[in-house]
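The same chain A turns up in both complexes below, where it pairs with chain B and then with chain C.
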Partner chain A sequence: MKFKTETNNSCFRFGLCLALAVGMLGCGNETLRFHLDMVWIRSNEDPEVAFQPEQLQNLSNVLGAVFGTPNKPHVLQDSDIGVEKLVNRDLLQLAAGPVWNDPQGKSHGLYRKHCAHCHGVSGDGAGSTAAYLNPYPRDYRRGIFKFKSTPKGEKPTNSDLEKTLLEGIPGTSMPSFVLLPDDEIAALVDYVKFLSIRGEVERNLVLELSDLEEGELLVSDETLEDGKELIQDAVSFVVNRWSRAESKVAIPAACPSSADPRTATGEEMERSITRGYHLFHGVIANCFTCHGETALGDGQLDLFDDWTEELQPKDPERHAELMSLAQRPQPARNLRPRNLRLGIYRGGRRPLDIYWRLINGIDGAKMPQVPMVDPNDPGKPGMSDSDLWDLINYVRSLPYETLSRPAYQSQTDHVQLTKPL
Partner chain B sequence: MQTRSTGSSISKIVLAGALVFTLGCDNRVSIDRYAPNSQSVSKLRSLLEESGDEDLDGDLDGDLSEESGDGGARTENDSPATNPTGYATLRGQVIIRGVPPANPELTVSRDTDMCGTSAQDLQLVVGANGGIQNVLIYAEDIPEAWCNPSALEVSEDFIFDQKNCVFLTRVAAFQTSQKMKILNSDPKGHNTDFSPRFGASYNQLIAAGGYGYYQTEAEEKQPVSVKCAIHPWMQAWLFPRSNGYFAVTDAEGNFEVPNLPAGVKITLRAWHEIPKYIQNVTVSGEKQKWSKGRFNRTLEADGVLDLSVTIDAGEFD
Partner chain C sequence: MLTPKSKRPFPRWPHGMAVLLVVATFPLIWVGGLVTTYDAGMAVEDWPTTRGYNLLLYPWQTWIAGPWDVFIEHGHRLLGFLVGVLTITLNVAVWLRDYRRWMRWVALAALGLVLTQGILGGMRVIQNSQQLALIHGCVGPLFFALTVAIAAFTSRWWNARDLRLQHPAAGKLHRLAVLTFVLAYVQLILGAQLRHLPVDASLGMFRGVVWAHLFFAAVLTVYVLSLAGRIVAQYRRLTHLLVPALGISLLLLVQLALGAATWVVKYSWPTFAVAWKWTQYYTIQADGMLQSSITTAHVANGSLILATAILLALRSTRLVQRGVVQTPLGDGYLGEAVA
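Right after this comes the complex of A and B.
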């Protein structure tokens, strides 16, 4: 009995050591680094002359100089560029590095604790668990975020990113982190911004590299000043975009009381929803072309979002090569226009959230901005502010129609749906 | 019984280890072999973070500087020592040699009443004389001080229309001082979607018979793809520029760029949507390599330089 216990213990110890050893093999923190975006590099290579290893080593050194490593992220000291105004150095360090608790019980390594397993250490959206998720986790490196208060091409504000962290993204694997203390949320917001800036600067530097003559480095002893300027321009371009986000927030137009859910009578609301139905199916807003005649999200099924499209060149050999470079979960999935009958709104369910989707479009996902009327040109077809609220009311009413409840679905519902309410 | 449970507890621990291995961190086999070199990183960092214009002492890094080159095209136009002696015209014709490859057939998946049932992707348009349409020729990095006023003052709207699910202008080059008016001459909606690198992005639904405006603050270095998500086969290219030194070849392959600065070396670039930068050309019977589409010329004041450019059909495969 005693003997057996000892065996058990030694087995246990052996097993534990083995487990640790196996675990640590993968976590060589010294070698942990931000990876280059090999897909983007390959996609922007001259068809006749490949990038030289020295050029890519130089690119990696430049990125290392500007952004540091996953354990020691760097905030570039240059007040003209102003990275420090976007991300707080101390918060960044709190989010970076390995996971540990200090004697005061404060958590460190927040990004690796909460995010990296899906979004990847470099923020490429290809972490270890990414393959098991649908949709796949976001790749931050393009600098594109879908659910935000600003129009296509503009960055999200801090509150947009905070909202995503606090509420999660319904209908996806992105959970809510509402239980984390405020400073941890702020640290993660800054770290995601940092990874996104790093990734986008890398993409822009690759474009600069592809524009240089064969074999030329971004910066070398012979091109110190030019190279310095090129790098500074690339960083400050991305930083400026982030800095101006707050000024680009779309301020919602006033909602007429007859279309405001808080003040409209039942009859007024019904009329607003009917007007919204016609807008949804009309040739001004054109919602039905992608979301389908029945709003089930089945109108346009063969597109890819911006992140996936990049991996879909027409040549099948090239496609296979890019997929292997991306080390990205497969298969590539098509972009699905939202099924509006489910009542699941990825970017938030408030009327304001849907307003932002309509007026800003959805970046990276093909959803366009609705065309608005022009007060200076009465001949221009477009939507008025009150049209927008009617459309929002219609969209918000869809999950409550009989057809949306599977138990009640029948042929007659389908017929009923093809004519106005 | 006990042995088995010992065994299974070991396997559980090993499994847990494996799980740590899989989930704990980014353990992918790296396909990027370019770990930053710490010595170069610190040198580059001090270069970037130095205050003022003081020179950096010593080598940036031994292994960085083997290749010296001549600084490429980056510095060529910056020399303030020389100034233009006047203005000159560059014109010419771009001709294909050999049998042009057929354009791909498109799948028209919706709105066939308006878009037709079949269409070709008009990537390559060759005139009866062999002239190649939609080749873009433009001057790169011309300082504003060198520009002829006529190359700066354009302000009328640039019209960009779509009809029968075709963008009527395949290569839409215009000046950043112009507003682009995006029309929809079809009875159904289109959406016009493009994401320039430097300028503002755009993805707006253009209502049937309606229009939208696009104005950008920045010029682009390369043409930007324009798409419609409702009719995904539609394709055009957008190229906003800060000056008027660009031309798109017409149906016979002709182009003309007037009032270019003369007496100074200028860099021109040639682009077409299939090969992107046009690199292998024959100019007036002589084979030339235009690396990344670049070619340098110094024009004579009040002169006209005629370029006869021939490109092998193979470049468009």
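Right after this comes the complex of A and C.
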């Protein structure tokens, strides 16, 4: 950010005086830095031998050398690692830094303009507004994203992130950016990936740091030469997982015509929905446990998502410290399973979106992948592709189903439905 | 001096210019709010030129057909230029036709303020500074309030003789009106702070400003309703007080609704509203028509409240003074003012 104090001193001084007069002067951000993930650091240091400040400064320096600063981010130029294939350097510059337009009319500082107030400059989900939002803004640094086309544990594709940006998430503070031009959406996607990669690399380096002797530095040489291998390993481990995302997309199985709303007769659809009803309450899909007998989202309510779980050590004092470091107010919020009768699905309402939620599960949110039939192990209970579409039809019919439909009353009933109709 | 005794004709030009200035300044405030809403303050990266062109020579086709953020930023600059010219014209009118020395200084102060505001806006661009944007956002409404005050000072009724109504509780009315103005401005500053929060502001800072904004909203509501209630109860025959008193009450109610709506269109429904299922259907659209119009209307309406508050403060001190009730007064205009 430009600050020509020597040339515009008197005017700036006048401005300062005026601001002081009204007693409301904001803070400057000329020296913005990415913050270290102190929750992860505290969680991984020996409680009796904390990391030394020099070690943390060294970690910060290493990360700064590899990823730059919020005003001047950069990606490691190393063909062996391939970050530059994942994150376009030009798009990164478009999304980073302060908000301004260049003479060609291109908007810069897109992340700060649209995202940082909630997700934070470091992508830690602790922007200034975060405490008031429900759910809290996503912390990208764990590299976990909920709504995607890839299985649990895998990274999202660019299309998955674009979809969330374009459609927003109903019922939350995540807006739809459908009015932004395509290149700005692409720039934001790349910047989110950049922050996520940076965050995960930091977590990996902290794990390395925890293996070192007391006070030992991660990389002793300022030029990073002696730590090149360590850094390459930490970065490439994360980058490889992002690189394979496209190949991990779950291709939906063909929907049988008797379960396809476009081709099925009314009677066939009714049968499909009834089969889905039994699957929902059966012990294989096991949906009722969390979503409740009536699918109102009132089943298991005492779980935490992965981000909150990290703040839940058994020691109450440590819990309080971690909550404070994460800037989350007490008490920690429990996961709320979706009320499926609302007809609002945060990851999208298309049958395909629901298919992905079921077959992939939802990362970070305890929603498991439904067990599918394993052709190599026919004895193992699981669902067929056809079952999956029946379940999708039932879930999609829930907003229209009367609550008076008899629910399963006992665990015995559920067990009996191990093999549904 | 401008009194009937001086036998000078009432000069309409200064008042006409002042009213014109008020009318031109309000859209300027509105468009300025729009610039902040769209974060378009840096849409044009140079100043006082616009993309290398003289402000007035920037090709209008490029402006009209260009990107939305450039359209509103350059439009804001043009409106600012217009308001500057009108302020100069007002000064000419006041210095030529209004012989009150203090009035001339007030007009000059307006000119100084509008020039300062222009420079602040320019420096905000040159330095890409959120702090200067915040100050620019606070000075704008102050200038708007000053233009309303000048319109009041130059009006016919302000200059008429024997306007004052004696009332034993006049002091309370004056205090209430002045404090309402001060509170409205503090509230406006807090609102500006929220809109110009630094990107790295802490959660505590946001929380503090939000709660302060809510607290002052409650205090301002009490003051506005007390002021309006007092005027309705004791001075309802003074239409110059009654009309703005009812007006500010209405504006306040609208403002409270707009404030709540602004939160919803920016941050969605608050946590307690999750229990209402229908709130879950709403998806915020960033920079959408609903978001930008509600947020900007909240800003502009805040300035209207400030302007009405200063009008009430000035009119109440002009029309009512402390003393024993006398009826009828002067020309009978205020004779039935006290109920």
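Note that in this section the second predicted complex is superposed on the first by the 363 of 421 C-alpha atoms of A that agree within 3 Å, B and C clash if a C-alpha of one lies under 4 Å from a C-alpha of the other, contacts with A are read in each partner's own complex, and residues count from 1 in each chain.
By our rule, contacts are C-beta pairs under 8 Å (C-beta built on N, C-alpha and C of every residue); 3 or more make two chains touch, one makes a residue touch a chain.
Nothing here was measured: the structure is a model prediction, and the numbers come from that model.
In the overlay built on the shared chain, the residue A:175 is in contact with chain C alone; chain B does not reach it. By the touch criterion stated above, A:342 is placed in contact with chain C alone, chain B being left untouched. Legend: residue contacts after superposition of the two complexes on their common chain; A:315 is shown touching neither chain B nor chain C. Once the two complexes are overlaid on the shared chain, A:267 sits clear of chain B and of chain C alike. Once the two complexes are laid over each other on the shared chain, residue contacts for A:90 go to neither chain B nor chain C. Of the two partners chain B and chain C, more chain A residues are in touch with B.
Once chain A of one complex is fitted onto chain A of the other, the partner contacts of A:32 extend to both chain B and chain C. Of the two partner chains, chain B is the only one touched by A:371; chain C is not. Legend: residue contacts after superposition of the two complexes on their common chain; A:112 is shown touching both chain B and chain C.
Using the contact criterion defined above for the overlaid structures, shared-chain residue A:132 touches chain C, although it does not reach chain B. Residues 4, 8, 11-12, 14-16, 18-19, 22, 25-27, 32, 112, 116-117, 121, 126-129, 327 of chain A touch chain B in one complex and chain C in the other. Within the complex formed with chain A, the residues of chain B that make contact are 2, 6, 9-10, 13-14, 16-18, 20-28, 30-38, 40-45, 47-49, 56, 59-61, 63-69, 71-75, 109-110, 187-189, 191-193, 195, 197-198, 200-212, 221, 229-230, 232, 275, 279, 291-292. Of all the residues in chain A, the ones that touch chain C in their complex are 1-4, 8, 11-12, 14-16, 18-19, 22, 24-29, 32, 98-103, 105, 107, 112-114, 116-117, 121, 126-134, 167-180, 327, 339, 342, 344. Residues 4, 7-8, 11-12, 14-16, 18-23, 25-27, 31-33, 35-36, 38, 46-48, 53-54, 56-66, 69, 74, 76-78, 112, 116-117, 120-122, 126-129, 151-154, 204, 207, 211-217, 219-224, 226, 228, 230-232, 237, 283-286, 289-290, 300, 302-303, 306, 324-325, 327, 361, 363, 366-371, 380-382 of chain A are the ones that touch chain B when the two sit in their complex. Looking at the complex, you find that chain C touches chain A at residues 39, 41-45, 51, 66-67, 69-70, 116, 119-120, 123, 126-132, 134-135, 138-139, 189-190, 192-193, 196-203, 205-207, 210, 267-271, 274, 277, 279-288, 291.
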